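Paired with subunit B in one complex and with subunit C in the other, subunit A is shared by the two complexes that follow.
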Partner chain A sequence: MTNYLFKRLGALLPTVAVPMVLLFVMLRLAPGDPAAAIAGDSATSEEIAEVRSRLGLDASLWQQFLTWLGRVVRLDFGSSLFSDRAVSGLVAEHALVTVQLTVLALAVAVLIGPALGIAAGTRRHGLLDRVLVFGSSVGIALPSFWLAVLLIAVLGVVWRVFPVAGYVPFTEDPVLFLHHLALPAISLGLLEAATLFRYSRAGVLDSLHQPFVTTARSMGLPERTVIRKYVFRAAVVPMVTVVGLTAGSLMGGAVVTESIFSIPGLGQLLLTAVQRRDYPVIEGCIFFIAVVYVLLNLVIDLLYSLLDPRIRY
Partner chain B sequence: MLRQRFSELVRDRTAMAGAALLGLMVLLAVLAPVLGGDPYRVDPTSTLRPPSASHWFGTDEKGRDLWTMVVHGARTSLAIGAVTTALAVLTGYVLGVLCGYFRWVDAVVMRVVDGLMSFPSIVLVISLVGVLGDGVATMVTGLTVVLIPMVTRVVRGAALAVKAMPMVESTTSLGSRTSWVLLRYVAPEALSVTIVQAALAFSVTVLSVAALSFLGIGLPPDVPSWGTSLSAAQQYFYSAWWIGVFPGLAIVLTVLGLVLLGDGLRDVFDPRSARK
Partner chain C sequence: MHTTQEPVLRVSGLSARIGDLTLVRDVSFEVHRGRTLAVVGESGSGKSITAAAVMGILPPQIRAEGAVRFDGAELLAEPAKRRRARGGAEIGYVFQEPMSALHPLLRIGTQMIRPLRHHLGLSRAQARDRAAELLEQVGLGRERKVLDAHVHELSGGMRQRVMIAMAISCGPRLLLADEPTTALDPTVQQQILRLLARLREELDLALVLISHDLGLVARYSDEVLVMYDGRVVEQGPTARILEQPEQPYTRALIDAAPRLGRRVDRLPTIDRAVLEQTRATAGGA
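This part shows the complex of A and B:
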């Protein structure tokens, strides 16, 4: 088991390393002088040189890479180029908000997607099935930010049921917290529900043809029991992977959603950093997201063996 | 064989609905200069006008005709989508075939692919395009980098399957050169899964371009694009619902067309994974 854990962690290393190295390379190969861009239009050549040496851009590419690597390994991302705050603190602060939004959106997706998937899968070719399948195709084609704009317009501006933007910490007021995050969570989660729907429907259709289902039926069990005890259970295990991947893509989607609802999360931090070319902050955000991904994947694999006793490591 | 699959595809009603939607959008994009007016013409005297006979979709916050913006937006989206998809699919296809055949290439390339695949692509694109600076070229570069792994992985799987087939073993034992085996057997067999991936890659590109320009990253603000139009809608939705509706509909119809077509292509070209 411990052995397995180490092997998995090793295999997941590229997930952290590749985006980071890619970013490093792109940053250095990018046309134009980043130091000049950061220093601003009115900067003198001394100021630009100062920024350049502060970024370590005056060393050779290999030297830069080694220094950079040494810092990343020590988890030292330096401080923001604009506020002089430590990147680790900035990322931790904003990540907390994003994680809350992601969990809420995941709850929306998990509550809606699989339930409808099972309902549709057990009534294949029925009216409900066809309507839901078409709906899920639209859901996949719908950009989450458009859904967000529409939801804001109808529920926020016209009916005034939900606030259109902002964020209240949970510790300050749990009710206002949910009230503010409801629209972002719905606009993110509803579309992921479409993906979960597709997978769970396919899982049900798949397990309906398994031999153990035929056996259960031939034993004379009522169809409801067959579905609940056999079809459902077999369909649920592969869903764990999908839910894990969904949590990941929700974090990605949150980046866009946060900017619409002005939620002070990781997305907003990243976006501001990108617009200002605040390289240390960009690196910190990417690193954090990659690490969360790796851990998430690891947890999913371990959950697998808990849910399905046939899988042992 | 290809002809048979094509006729199978034509009989698939969902796939044809998708193709029709996509065809419609392509037509709008190609005929944009004829169908719409000048997308750069700003008219401060007629901002935020509701849909009417002279402005079918109304006008936006700068007084530009929204119908013009939507058809020219189609041009932007589909052009970037086509170029990106072509680059990503071509690179991914070559890499995938090589990975499936040569173990040492596989060892190196697949580690990179794994690293990029499991990362949320939109975050990576935002960072890359943000770092590289605005412009169509950087947008295409950023999106291509993100899409290549997706294609590579699927093509590699197909190539590995072909490599294990008896026909490859027999032709190798008869003394065929590696390049011959690759060109004659592995490459053509891996083509069908590549076609399916192309539709998927295209839809991802259209959605990403919309998301990026919505956030104001990548495209210069005066280039007509659906995402840019929608970001204005955030401010003006209450007084001008049309800005929020028509560009969004254009995105959904395009991507829906690609998703439906992609499903149909998978049923025909890659029936094994379609049944799953």
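This part shows the complex of A and C:
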């Protein structure tokens, strides 16, 4: 077990290194010049060249790469090209917001998805099942911003139940914090619930006729107990993967939702950084997201061995 | 016959259909307390379907017709809830593959305790004690290690003993064992059959022993029912069936049984003419 853990943590390095190197190359290949952006629209070419050399962007690509590599292995991402703030501080501050949003969205998804999945799976081809399967197809097909805008229009503008945008830190006011994050969490969570619904329904259908479930029935246990303690127990294991991967994609991919609701999260930080070609900030964000992804995968695998006694490392 | 009291189970004219296809046709038999009926036939003969129909665990697309009287009640006419409640408490079922019939993710103890608490209203601690006693009764010793184990950690024989312990745990009067030894090696097969015979004695059970191996179950049964193609070929006291089988199919089954010390170059097969004749006449015999 400990051996396994060390092996996996060792594999973390190359797994994170590959996207980082790719990112370095792609950023330099992409059109757009941070020096020009920093210097402003009215800057002369001399001024732009001055900024470029100050940023070290006039060196050859190899030199830039080696300098970059030297800093990255020390986990030193430098400062933003624009605000002079340390990248680590920027990422930490924004990641905290995104983590909170992710947790809330996952809570919505986990509360809704599996419960409906069981309800539909045990009533296969019934009305409820058909409605939910249709609904989940729509949910999976819908882009998150569509639902977000719809929720804003109905719950924010027409009924005025929730604020349409903004963010209040939890430490400042927990109630306002939840109030502001409710709409984004629901719009992200509902769509993820659709995926979870799919998996849990399929899992329930799969285990509903397993021999060990027939055994439970033959022992005279009521169907409710059979479903909750035998069927669901078997269906829950693969769902851990889905929840884990969902958490990963929410950590890095809630960019659009964060922009719509003006939430100062990682997605927004990344989006702005990309728009301005703020290389250090982009690198810091991607590094953080990559590490989170790899660690989440490790956590999923460890959870697996807890949930399924046949899996031992 | 042997007893004057009512049989625990009396099946008459039982048929099972899936769509237009008849899987089991017009099967009748009875089992008394303390007696063993062996239901014998090859794969697809309908013996497992018959047992599942009695237990009420047929897949939903298979319909059962006829009469299944258990302790004076007509099971096929009962609502599903009532039938379910009889499971474990009145009728026990031992499955062929204990590996897949026991939950892979739950501890043995957890799986045994749940029915005990449900049917007998025991507390968690009482149910655990009772489960340990049951495991001892089926020859798994008094250690509680098995209770904390998962099914993949047990040997084939231990798994089937656990399965049997669970099936008898809530005091059934009828035990249906569907090929209980097929997944096991020969020495363990004999141990499991001896265990079932002993439990039948101790608990005064009516036992239905389903097998494809007439030679194996013959010495553990009082009566034999031979099935082929969903129908009854022949039934009667075991000794009579073994010594004077009336049907050529039954004789062929007896001859097909492997015997210790007899070497064969070719495995015995059942003649096609016998099968066709059996198919044509079975059920009417």
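Things to note:
Here, the second predicted complex is superposed on the first by the 290 of 313 C-alpha atoms of A that agree within 3 Å, B and C clash if a C-alpha of one lies under 4 Å from a C-alpha of the other, contacts with A are read in each partner's own complex, and residues count from 1 in each chain.
Everything below uses one rule, namely that a contact is a pair of C-beta atoms (placed from the backbone, for glycine too) under 8 Å apart; a residue touches a chain by one contact, two chains touch by 3 or more.
The structure displayed is predicted, hence computed values, not measured ones.
Upon superposition of the two complexes on subunit A, no clash is found between subunit B and subunit C, which fit side by side.
Of the two partner chains, neither subunit B nor subunit C is touched by A:V242. In the superposition on chain A, A:L90 contacts neither subunit B nor subunit C. In the superposition on chain A, A:L196 contacts neither subunit B nor subunit C. A simple residue count on subunit A separates subunit B from subunit C, and the partner touching more is B.
In the superposition on chain A, contact of A:H209 is made with subunit C only, not with subunit B.
In the superposition on chain A, contact of A:L269 is made with neither subunit B nor subunit C. With chain A fitted onto itself, subunit B and subunit C come no nearer than 18 Å, counting C-alpha atoms only.
Applying the stated touch rule to the two superposed structures, the subunit B and subunit C interfaces on subunit A have no residue in common.
Taken together, the subunit C residues at the contact with subunit A in this complex read 55, 57, 59, 84-89, 92-93, 95, 97, 100-106, 111, 114-115, 118-119, 150, 152, 163, 166-167, 170.
Chain contact summary for the complex, subunit A toward subunit C: residues 209-212, 214-223, 225, 229-230, 233-234, 237, 307-310. Those residues of subunit A that touch subunit B in the complex are listed here as 11-12, 14-19, 22-23, 26-27, 30-32, 137-138, 140-143, 145-146, 149-150, 152-153, 157-158, 202, 206, 248-249, 251-253, 255-256, 259-260, 270-271, 274-275, 277, 279, 282, 285-286, 289-290, 293, 297. Partner subunit A is touched in their complex by these residues of subunit B: 111-112, 114-116, 118-124, 126-128, 130-133, 145, 203, 207, 210-211, 214-217, 230, 233-234, 237-238, 241, 244, 248, 251-256, 258-260, 263, 276.
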